[in-house]
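Sending over a structure as structure tokens; questions will come in a sec.
The first chain written gets the first letter, and so on, giving A, B, C and D; residue counts start at 1 in each chain.
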Amino acid sequence: MTPISLEAMAASVPNGALVALPPDNSLPSVALARALIRRGARDLKLLGVPVSGFATDLLIGAGCVVEVETSAVSLGEAGFAPRFTAALKEGRIAVRDATCPAIHTMLQAAEKGVPFMPLRGLIGSDILAHRPDWKVIANPFAAGEDPIVLLPALSPDVAAIHGVMADEEGNVWVGRRRELATLAHASKRVLATVERRVPGNMLEDERLAPGCISATYVEAIAVATRGAWPVALLDDYAFDAAHVAEYAAMARTEGGFRAYLDRHVLARQAAAE
Amino acid sequence: MTPISLEAMAASVPNGALVALPPDNSLPSVALARALIRRGARDLKLLGVPVSGFATDLLIGAGCVVEVETSAVSLGEAGFAPRFTAALKEGRIAVRDATCPAIHTMLQAAEKGVPFMPLRGLIGSDILAHRPDWKVIANPFAAGEDPIVLLPALSPDVAAIHGVMADEEGNVWVGRRRELATLAHASKRVLATVERRVPGNMLEDERLAPGCISATYVEAIAVATRGAWPVALLDDYAFDAAHVAEYAAMARTEGGFRAYLDRHVLARQAAAE
Amino acid sequence: MSIRPEERVAAALARLILDPSAPPARHIAVGAASPIPAAACWLVRKQGHPVRLSLLHKRSGNPFTEGSRELFDLTGQGRIDLFFLGGGQIDGQANINLVGTGEWPGTGVRFPGSFGSAFMYLMTPRTILFREEHSPRVLVQQVDMISAPGVSPPAVFRRGTAQALVTGRCVFRFHPDRARFALESVHPGESVESVRAATGFDFDAAGTVPETPDPTDAELALLRGPVCDEMLETYPEFCARVFGRRHAA
Amino acid sequence: MSIRPEERVAAALARLILDPSAPPARHIAVGAASPIPAAACWLVRKQGHPVRLSLLHKRSGNPFTEGSRELFDLTGQGRIDLFFLGGGQIDGQANINLVGTGEWPGTGVRFPGSFGSAFMYLMTPRTILFREEHSPRVLVQQVDMISAPGVSPPAVFRRGTAQALVTGRCVFRFHPDRARFALESVHPGESVESVRAATGFDFDAAGTVPETPDPTDAELALLRGPVCDEMLETYPEFCARVFGRRHAA
């Protein structure tokens, strides 16, 4: 699989797409999020897998997003996500609240090719009350009364992930973050930025194969060094807490956020990300 | 986690237990099966995950088994499983036929802690007609008529697997055979034989962690060199086709099977397996 | 070197895979016990068609990183376009029986079991049925038990049915609308009459049925060269028997 | 060195974890934003109790090999005995609200969201609610919206409820049979009256309520030594602030 440029990858994501983004500890492609901002993407729907972090706040602040489905949006130690909160308050985005295992379950249903999957819990939560797409049925295997929630399969249009490496075949190594494999299996398209390319076929290596997403599921690869920054990439690099704190402070105001974008996102257009 | 002896491990499996065994290409603990024969285990129920191979035929031939739930029993290139077939014909075992993805699905339901999980297909198969524990419902998410099968969660009493290595914490490395992780998560007890022990904690190593079953799920470890033999162990050693062909020939008759047991199973009692 | 029956059948299967009237085969999965279908798939690949092959029991570089569940998940997702199935019995409605004969679960002859057929047959857009043995014992009027049904009622979710049934004697097309096979071609030495005599089920046949074509020289060269190269690791005995080649030790 | 409030609360939490009247805590999961609960768990471990700790956001040696789904699967399996939850609002029936105030989905104050609470609270045999801020703003009569309910009707599958609610002012026990909190102890400087004044919900209290005990010297030594050692990587700011120690660069 021949890598494409980050900008070409961003151009391939249509306005209005449902884009799945893992949270800050689980290999989101922040590089692709920045490239989507640079290309002026509009009307994106974002899915937090299962929660949302830095990249989601950035895309919302840049006006690329109309809807967020997630179990939480947070900058971790840096606190609440300021642009998410502002957009919600101003009615610029719709928010579909979920709960972490429900998002995993909806993706697992899509991975399995079944129309729904059950999940325990949830009953009595107002999340369920606000999700007409989630159904409660009587457990057909129970002797007595036993309500249980069924969640519909969810198949994102695009999964935007950042892997450690991609090989010549297009296999992408994500290590122990196996929920990304489920996400990849469930998604219509996987767009993966990676730190680096490696020769050969990682599936031939018993030690590397278990951490791979097979090229079967991968539509395109782009090399983006430090493409998860400012969030962490497994043991490659750590969370840049100082930068995220700086972001959180600047993004408290629209003007500060614009200054951040100018400095850290738009200025990269010429530079190789 | 301190390893125990193979014989102590076999002694810990009670008669009547539901024992899950992966097939010949997916890391069954043939060593534990042999040890169960030596301890004279009785009334075991075997689950093929999702099909059954050499170890299942061995246990059936030795009279340890009352029931097999599986999607197929085969010795691969060496043909049908002779002791399975003989026992079925003589009415000495009950056979619950399943189909591969149904067994995976029932284990996934147990892994997830839900009472059932749906699966497409199956409708019109006589397998379904002979499984009163499988239910057909109308898909609650469909506009029109859409029958779909629900399968109950299945939680084996014991998963008998053979890993490549175990570390000091009790994590077991099984590489890309990730269905073993689902099996481990779904089972009440995981008894793992391994080729070798390694120092430290594999979960600290990003390269090894993705292929591990976490010690959280592992009850006991026993070192059994070549414990998958005569079947293959990933890239450690290949399938011993000549031996399995020899077994298949000997096991055509009860007398030949007894001779095989004497030579290859019971004679190992004194020797370190 | 004369054309071996396996080579003829592999070439026939390759033509079925490439049939432009069928849904496209971008990703084909092939099981362990299927060297002839595997050869057909490799032939398609070596002819330059960009098909992805997942060989289920390939030991080095096994394509699945989620273990044996992944094939079924892939198929559930609609990512497997074509699969091959066989059967201890196959009947005229394309029902297949991998369980056994007599009473459930096989009081007559017991076959190994259904494997994933009860799922794969309904969830794959195209299935090619393949069985070398063509006899009234295998091709029966009605299977004793159904591992997977040939057709399903309209309400049942099903992505496809059998496209064809290929045996050591002939190629049948399957017509799901009328749930019947039609004889498409007979291998050299066979006729409509000899096929009828060897077949337990009734089938349609035109007045004249063509002979299954010989593999072309180009196809034979690919089969005996690069296709065999790819298959040596997984199917050593097949390659030795059919192509006369052995895996270098 | 005087006893820090965080140390007192950690010791109180450790005693709740070890409460012999509660179901055993063999495996505890602790989230990222919970340094005090994590300190309590480590204290229990360092006291020699064989509890397994899964620190969800531990970067090196993260306990999960199936990614973030594994915590929920583990909990679904019944393998997680105790979890900690907080809330932007917590009410007198132990309902928690992590969504926001005002109208759905948070037209007043928007909190981050519910995370896994709607599942974990029902599927864990024991939950300890923990929130340092103890004010009428947080501890309300009735939450504006329910992320996860404090109690459930008998027909709803539920493994457990809140065991207790620990704040910067006191320890409450929760009584699921009557869906009410009872004041168990007040931290030094607090009284039943001061707690009532700071609490938006009604609760039960005996005539005299004991003071939350000081950590013992042994507990303090463990907290400041081996517990801090374990926490330096994951909670560097907490360790610096509370224990005055920094992670070696």
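Here is the rule we use: a contact is a pair of C-beta atoms (placed from the backbone, for glycine too) under 8 Å apart; a residue touches a chain by one contact, two chains touch by 3 or more.
These numbers come from a predicted model, not from an experiment.
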Shared interface partners, meaning chains that touch subunit B and subunit C: A
Where subunit C and subunit D overlap in contact partners, by chain label: A, B
Chain pair with the higher count of C-beta pairs in contact (A-D, A-C): A-D
Farthest chain (mean CA position) relative to subunit B: D
Subunit B and subunit D, separation of their C-alpha mean positions in angstrom: 40
Between subunit B and subunit A, distance of the C-alpha-averaged centres to the nearest whole Å: 36
Centroid spacing, where centroids are CA-atom means, of subunit A and subunit D in whole angstrom: 29
Multi-chain contact residues (two or more partners), subunit B: 108, 112-114, 119-120, 146, 148, 176, 178, 203, 209-211, 235
Multi-partner residues of subunit D (at least 2 other chains): 60, 62, 64-66, 76, 123
Chains that touch, pairwise: A-B, A-C, A-D, B-C, B-D
Subunit B contact footprint on subunit A (complex, rising order): 105, 108, 112-120, 135, 137, 139-142, 146, 148, 150, 152, 175-176, 178, 203, 206-211, 234-235
Contact footprint of subunit A on subunit D as seen in their complex: 32-33, 57, 59-60, 62, 64-69, 72, 76, 98-99, 104-107, 110-123, 145-149, 152, 155-157, 237
List of subunit A residues in touch with subunit C within their complex: 110-114, 181, 185-186, 201, 203-204, 209-214, 216
Sites on subunit B touched by subunit C in the complex: 23, 25-26, 50-51, 70-74, 76-77, 80-81, 84-85, 88-89, 95, 97-102, 104, 108, 119-128, 130, 144-148, 176-180, 182, 232, 235, 238
Subunit A-facing residues of subunit C, complex: 27, 52, 54, 60-66, 73-79, 123
